Every structure is written in structure tokens, then in C-alpha cells.
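What follows is a structure written as C-alpha cells; I'll ask about it next.
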Amino acid sequence: MRASLFITCYNDTLFPETGRAVVGLMERLGVEIEFRTEQTCCGQMHANTGFRGEAFSQAKRFVQLYRDAEAVVIPSSSCVAMIRDQYPGLFEELGNSALREEFSALLPRVYEFSEFLVDRLQVEDVGAWFPHRVTYHASCHGVRALHLGDRPYRLLSKVRGLTQAPLQNVDRCCGFGGTFSVKNAEVSSAMLATKLQDVMATEAEYCTALDNSCLMHLGGAMHRQYLGMKTIHLAEILANTESSSAEATQ
Amino acid sequence: MNESAQGHLASKHAILDPALALPFPQAALPILRDPQLRRNIAHATDIIQAKRAKLVAEKTDWWQLRDAASAIRNHALENLGTYLEEFESRCTAAGGRVHWAADAAEARRIILELLREEKASEVIKIKTMTSAEIQLNPFLQKAGVDVFETDLAEIILQLGEEEPSHIVVPALHINREQVREIFARRMGLEHLSDDPEALTAAARNYLRQKFLKIPTAIGGANFLIAETGSVVVVESEGNGRMCLTLPRTMITLAGIEKVLPRFRDLEVMLQVLARSATGERMNPYTSLWTGVMPGDGPQHFHVVLLDNGRSPILARRTERQTLKCIRCAACINTCPVYRQTGGHAYGSVYPGPIGAILTPQLEQMKHAQSLPYASSLCGACYEVCPVKINIPEVLIELRARVVDEERDHSKRLIDPMYVGMKLANFLFQKAWRFHLAQRLGRIAVLIFTGHDGWIHSLPGMGAKWTQTRDLRGLPRQTFHEWWATRAREKK
Amino acid sequence: MNASDQSRQNILASIRAATRVGATDSLQVAADYEALPRTYIRRGELSNEELCELMVERLREYDAAVTECAPEALAATIAAQLKASGWQTFIAPTNLPADWLTSGFNWKIDRKLRTEEVEEAEGVVTAAFCGIADSGTIVLHHSEAEGRRLLSLLPDWHLCVLRASQLVETLPEYFDRCKEPPHLATYISGPSATADIEMTRIKGVHGPRFLVVILVRDV
């Protein structure tokens, strides 16, 4: 089957290795990956900061770009939440019924990365190898908007050599929150400190998640404080095998 | 008592007036630097959350109750005019008097007039956040009426000259040593221990005579029942029962949104309220009364219905759900932002997630504009709300309203956030613009990138990030550049 | 028109404009109300025996003292409880059954007792309207056997006589039992408590610190 990768604006710029991992993994699983070069952003940052008018045009672009895609895979649960939860309201407000119909038709074909593996490809063991102690942070949009449930854990449990270290208060927000991380930087940092206490207590080598936004927030503090842990996107763990080890991790 | 507790108590918070409060990010700062306070808040909210979670897990029809509670509240709001008139008619027929206050000033005036009618120089009060919303106590004090709060938390706040930081447990930010200090000083009890039992006993003694002697009481309402004209007060301590039973005159102040259609609706609301608010199957005392009952309780009863910005909220499709709130504070208890900052940072008697959406709206969006941004949009509040208020949805809507107002301001052109957002949108319209910006950005951050490939310090808005976090330097190749290279190589 | 009437008009007008519901829609309002989804538990499944067990368990969780007895032993059980309390002066609602007024105690029947008299008494005995086992809630509708509200509020010791036939499992079933809504009601689910100081639950702030329940097995 064919899947179109929507890399997301911030992954494209800051975490290309996650995209490379998704491509590598998909090809290993026999999925033909395509990449539409006109893609930019889903509009979440604008919509959530109050710039709704600006988000309209980005939403339109997304639908027009992917209207004929067999499936769209997105390695970012917050972007998928934007598309599922906010696009309907945006299109209704725009009042363009043709666009709304196109969107409704497209929506069932839009998948968050772990959803694509577990629900669409119906695979949990992707042949991955990652001999490390890993803790999983459940990003808020994944938990509450997408109801990902135990999909990430099922995928992780099949990774050879990997030991899962459960995280206390696993679904407590890490404090990133998009522009919240700068508009309310001090509160964001306090939330980060609280989260890091739980993360570090797992004594894992790696902290993983389905959103690089959370991971850059956690990882940024880990790096600043010389903490003995790194962050890595789940896709990169799953892409890792004995013969193709994960690239420069954060 | 340690220094920081002393310091916190000594600082006089301005009355929690949204018109005067500092923006949330600034207001939060001193609290973030107060370890005692942060500990108190985290401790208290963790306990209530755990209790709530246990009881919700036990309640096999929790989701159905929540659906029903949401539906009942939606229906009540959709037909608010009809139900308010029905309430007024029944309450009046039962011997009560119903007054309507368009705003805080009018509510205060009406209440003072009623007190003058009674020649009341003292009143006892049941805790009601609505009275704090209209700043009733200072107004009455200035008019020569002594106000005695009777709820333990409210006594602590009143005697300690503190402000509430939570809508169900208003003194949650104060620990036992601090309470002991307040009581010892204000009640003249030098040898008082800080054991909560001793403190509670001190409060009980302090209040007994007041209950028995003061003939006028003011309280709030958890629910108004339209079908019967009844008022429902939900409490734990019994001070409510004292105030609504012993005096000659009872004045109930209630927001117009408090109305439920029928008596029967309590079978849903009481089940979700107690579990959500205090993690109990049922709170110790719930009282229901209708107008005046000859020979039992106050023989003069007044209800002051308060609008104060509520009816405009009804008109807005997304925001209307704000009024479904039954003031359980489950959202506050679960909020990871509140857990760090406590209630005072919100500059309103309504803090936390509900405060972030209610306060700016009650202020007609003229004040408290920083509150809709005081959230990471994690959604934990929506998950626990017993009446299914989609708080994140309302927050995003209010953010859009704040920005829409900004669009008319010339100051926007020097606001880095505003400029940045407009620029980003421009770039996102065309892939080539975005790609060009990425290339330029990659070059631009080079001067900030250390030898280890990480950025430790950025200027401007970026400094807000780097004050506590590093940022990995921009990779040499974006994903799309890698893809393009790979595609070329394949050929 | 005075200021309050003006505000009343303005507020209602504002509400009506916001909700666009006209005055003639009352049938529609009633129909919409009836159509609200109620898929929660409306009825329990426990036998009366199990209800009694559950009610007793819940009451004990709240530190109420509970005794069960057969109907014919009620008067004696009341007498025993009064004696065990150590108190002498008890308030009785106007229409408490005569055989509940154990001799040898100082009974104050509530014939317009002054507040001071109620305050000076040491205990009170009342009947009840209903018991809700799920939450251990005792419901008083303040009939003549339950007494006006003051009576079960001021004394420090409250003996409540609850019948097994008055028990329901769930809150909705209590509402089923109300032929019409009560004018006055007090729902007691344990002695007064506060958790305002560091979330530490302290009992007995205001209201009776001692709640004694006799559960009469009349089913």
C-alpha cells in the first residue's frame, strides 16, 4: 500500500531524523512512502494561539494537498488532534461545503504514526531492536484527543532488547503546550521540573514519546542539566535494527 | 514558623480583582518561588484527585451520569428564561422574595438595602464564591455591617486577611502552622496547637455564639430548583445548616445559571458533584428548603439572582458551556498549571481552568486577557469535568477573541508574537517560502550554536526558551532536503 | 417600575435574546426535558438484607454508631442507647411515637421550644424519611416525627431511628419514593467534617458530633 508522509513543519526543520526513521520503517514493512513537497504546516500553532483566520488557509492547503492520498501518516499526535478536533469547526466556519466534504472524506485516511502501524497495517512487531531501558511519556494530545491507549506500549513491548520502565504520572502534562512554553515560560519550566522528577526516577537511558514537541522540551532540560538521559521519538526506536542503528539521537 | 510562610502571609494580595490583577505570567512568579506554597498546593490537589479517581472508578455508571448531567445543564441553559421565571414564581408563592441584580454593584446595593430593612449590623455568612465575585464583604464592612464568615476556610482567610485560592477548598494554600498562627493571634489563643483537631475545635467555639445570636445570614446556592422554587446548599461542616436554620432572615445570592429544571435532577447532580468536589459518595450535609416554612427556620427569605456578565455568555455558541459549571473544582484539582501556581496567580476568585474561561468572559473580555493563555491545553480538565465542559475548546475560542481585538491595535506591530505569527503564516502559504526561511534560519542560528551542536542562549522571545532549556542546533539538512537528495540519488 | 423590576426585565430580555426561546414554547421545553438521556443506574439490585448490610457498613465508615433490632425490640433498644449515651436531657419532635420516650430521662417535647432550650439539651431522637444505602445517607423530610431542622442540628448527640423498609440502594430510588418534592429536606451522610486544613479530614465541626442509628429490621 501507499502512504503519504506529512512530516509537520517542526519535524521537517528540527527533527528530520524522525522522518527518516518513519520512511525507513515503512519501507521495511513494505509500504510505499510518498512525500508531497508542497506541504508546510497544519495550522495548529496559529489556531491555538488565537490566530484562527490564519489557520484557515493552512487547513485548506492540507486538505487540497492530500485529498487523493490513500493514507496520510503523521509522526505527531498534536497535529493529528488539530486535524481531527479543530478542522471540522474551521471548515464549518469557512462555510465552504465542497471543502468540508473533501475533508470528511479525507479524515478517515489520516493516521497518527502509531495508529497507522497498529490499526491500518495491523502490525505490532516491526522487527525492531533497541537494547536499552526506555520510558514512555504519554503526550496529552495522544492520550486525550486521539485516545491512543496502549498502542505505543504494545509496539514497544515487541522491540527486542528493550526494557520498559513505567513512568509515574505518565499522562501529566510536561508543560510544553506550544507557544505556552514561551508565553508562560516560567510556569512551563516549573511543570517541566515536576515532570523530569518522574522521568529521571525511571532510571531509563531514553525517554520516548510520539511527539517531538514534548521531547524537545524534556530533552532540552536534560541537556542543559547534564542529566543522564536522552530523548528519542518512538519511530526512531521502531526503525532501529541490528543492521541499522538509530542515528544521532537527541 | 519558617520565613517563607511568614513572608507569604505578610504580603497583602490585592483583592482578587481581574481589573487590577497582574497578567498571569507575572502573577505566577512569586508563587513559583515559594516552596512552602507549592508544596501545600501539590499536596492538597494530589489528595483530592486520588479520592475522586477512586470513587469515579467505583461508579460503574459514571459516564452515563456525566452525559445526563451535561444534558440537564445544557437544557437548563437553553431554556434559562423559562426556568428562572418558574423558580421565581414558586419561590414567591412559598413566601420568598426574589430580586434581580444586573451586575455586582446592584447586587451589593440590594443586599445592603435588605440588611437595612432588617436593621442588621452583623451578618453570618455561608461560604459563597459568588459573594466574593461581587466583593460583598468589603462593601458591607464599609457600610458598617460586621460580616462573620462561618466556613472554616473562609474564617482562616478572613482572620488572616488572605484571599481564596480555590473554589471548594479556598484555604488550600495555607498549612496548619499558618492556620495556628492566624487563630492564635486573632482569637487570642496563645497556647493553641497546630493539630487540625485543635484548630477546628477553636473555630467551632468561636462561632457557636455567633450562630445563636446573629439573626441575619447570607449564603449562596449550589442549585436552584425551578419546579419547586427550592434552594439547595451542599456542604461538609454544618455551618451552612446553622446559617440557614437559626437566623430570622436568610438572603441567598445565586448566579442565574444555577437553576435546574426539576427536583428530580438532583439525583444526577448530587452524585456527580460530591464525587468530583471532595471525592465522597455524598458530602456530609445537603440542605433543601423552599421559601419560608412557618415555625421552622428563617421567616424572611430573599433570593438575589445575579447576572453580572452571565447572560452575554449564553449568546455565544462555543462559550455557552462555561455556564454549565457546578463549581466542583475537579478541573482545578487536576490542572498541572494550577498545581504549580495555585489560585492567586489567576487574579480572580475563580482560578484554574474554569477561572481561565469564566473570569475573562464575566469581564466582557476587557480584563484577564492573559487567562485564556494560562494553559498548555492538555485537556485534563475536560476529562474530569462532570458536566463535560470542553474547556480547551473554549480557551482556544477566547484566545481568538483576544487576538481579534489586538488586530485593531497599532501596538500589534511591535509585539513579537503577533509579528511572528503573521510572518509564519505568510511563509506557510508556499513551500518555497517556508524552505527559504528554513535555510536562512539555519544560517542565522549558527552564531548561537555551540560546539556541541546545541544552542544555549537565544535573544528576544527565544530567550524565554533558553532560560531553562537548551535547543539542539538546526540540522544541516531538513527532512524534505534529505528526501529530495535521496530521490535524485535513486535516479 | 423600580430598579429591581427593570433589571428583571433587562436580564430576561438578555437571556431570551441569547437563547431565542419564545414564551409560547413551554410545551416544547417540557418535551425536550422528557427527551433528555438518562441511561445511568435508576434502580439497584440488592435484596433488603443486602441493603441493610450496606447501609450499616456505610454508616460505620462515617463513624456513626449503628445497632440493629427487631421491630418489637425497638423501644428497648432506644432505651439502651439513651442509657449508654450517658446523657439526661433529650429533645423529641412533636409527634415522636410515645413508646420511644423512655422513662427516666428528661424529655423536652418540641412544643415551640426556644433556641436556648434546644441548645441546652444534650441529645435528640428522631425518625427519618429514607436511607440511601449506596452513600449511607439518611434523609429527613422534617415531618412531625423527624422534627424541625433545628432539633437535629444543635444537640451534640442525635439518635435516628431508620427502618429497613425505608431503605433504598440508589439515589434515584429515593426520588422515586417522593410522591412530591419535599418542602424541606436534610440529607445526612455522616457527621460534619472539614478538610480545609491540609486536606486532613476532621470530624465534628458543627452539627451533632455523635450520630447513633437504630436500624429496625421491619422487612
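In order of appearance the chains are A, B and C, and numbering begins at 1 in each one.
What we mean here is this: a contact is a pair of C-beta atoms (placed from the backbone, for glycine too) under 8 Å apart; a residue touches a chain by one contact, two chains touch by 3 or more.
Small disclaimer: the values here were computed from a predicted structure and weren't measured.
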Arrangement of touching chains [line / ring / star / complete / other]: line
Relative to chain A, chain with the most remote C-alpha centre: C
Pair of chains whose C-beta contact count is the highest in the structure: B-C
Interchain centroid distance [CA atoms averaged], chain B/chain C, Å: 30
Between chain A and chain C, centroid-to-centroid distance (C-alpha), Å: 53
Multi-chain contact residues (two or more partners), chain C: none
In the complex with chain C, residue positions of chain B that touch it: 40, 43-44, 47-48, 60-61, 64-65, 67-68, 71-72, 75, 77-82, 84-85, 94, 99-102, 106, 110, 151-153, 156, 169-172, 174-176, 179, 196-197, 199-200, 203-204, 207, 211-212, 225, 227-228, 230, 236-239, 241-242, 245-246, 256, 261-264, 266-268, 270-271, 274, 278, 280-290, 293, 295-297, 305, 307, 311-312, 314-315, 320
Partner chain B, residues of chain A touching it in the complex: 7, 9, 11-17, 19-20, 23, 35, 37-41, 43, 45-52, 54, 57-58, 61, 86, 140-141, 144-145, 171-173, 175-192, 194, 216-217, 219-221, 223-224, 250
In the complex with chain B, residue positions of chain C that touch it: 3-5, 7-8, 10-12, 14-19, 21, 25-26, 29, 32-33, 36-41, 58, 112, 115-116, 119, 132, 134-137, 142, 148-150, 153, 171-172, 174-175, 178, 181-200, 202, 204-207
Touching residues on chain B, where the partner in the complex is chain A: 24-25, 28-29, 32, 38, 336-337, 339-341, 372-380, 382-383, 396, 399-404, 417, 421-422, 424-425, 427-431, 434, 438, 441, 454, 456, 461-462, 464-465, 467-472, 474-475, 477-484
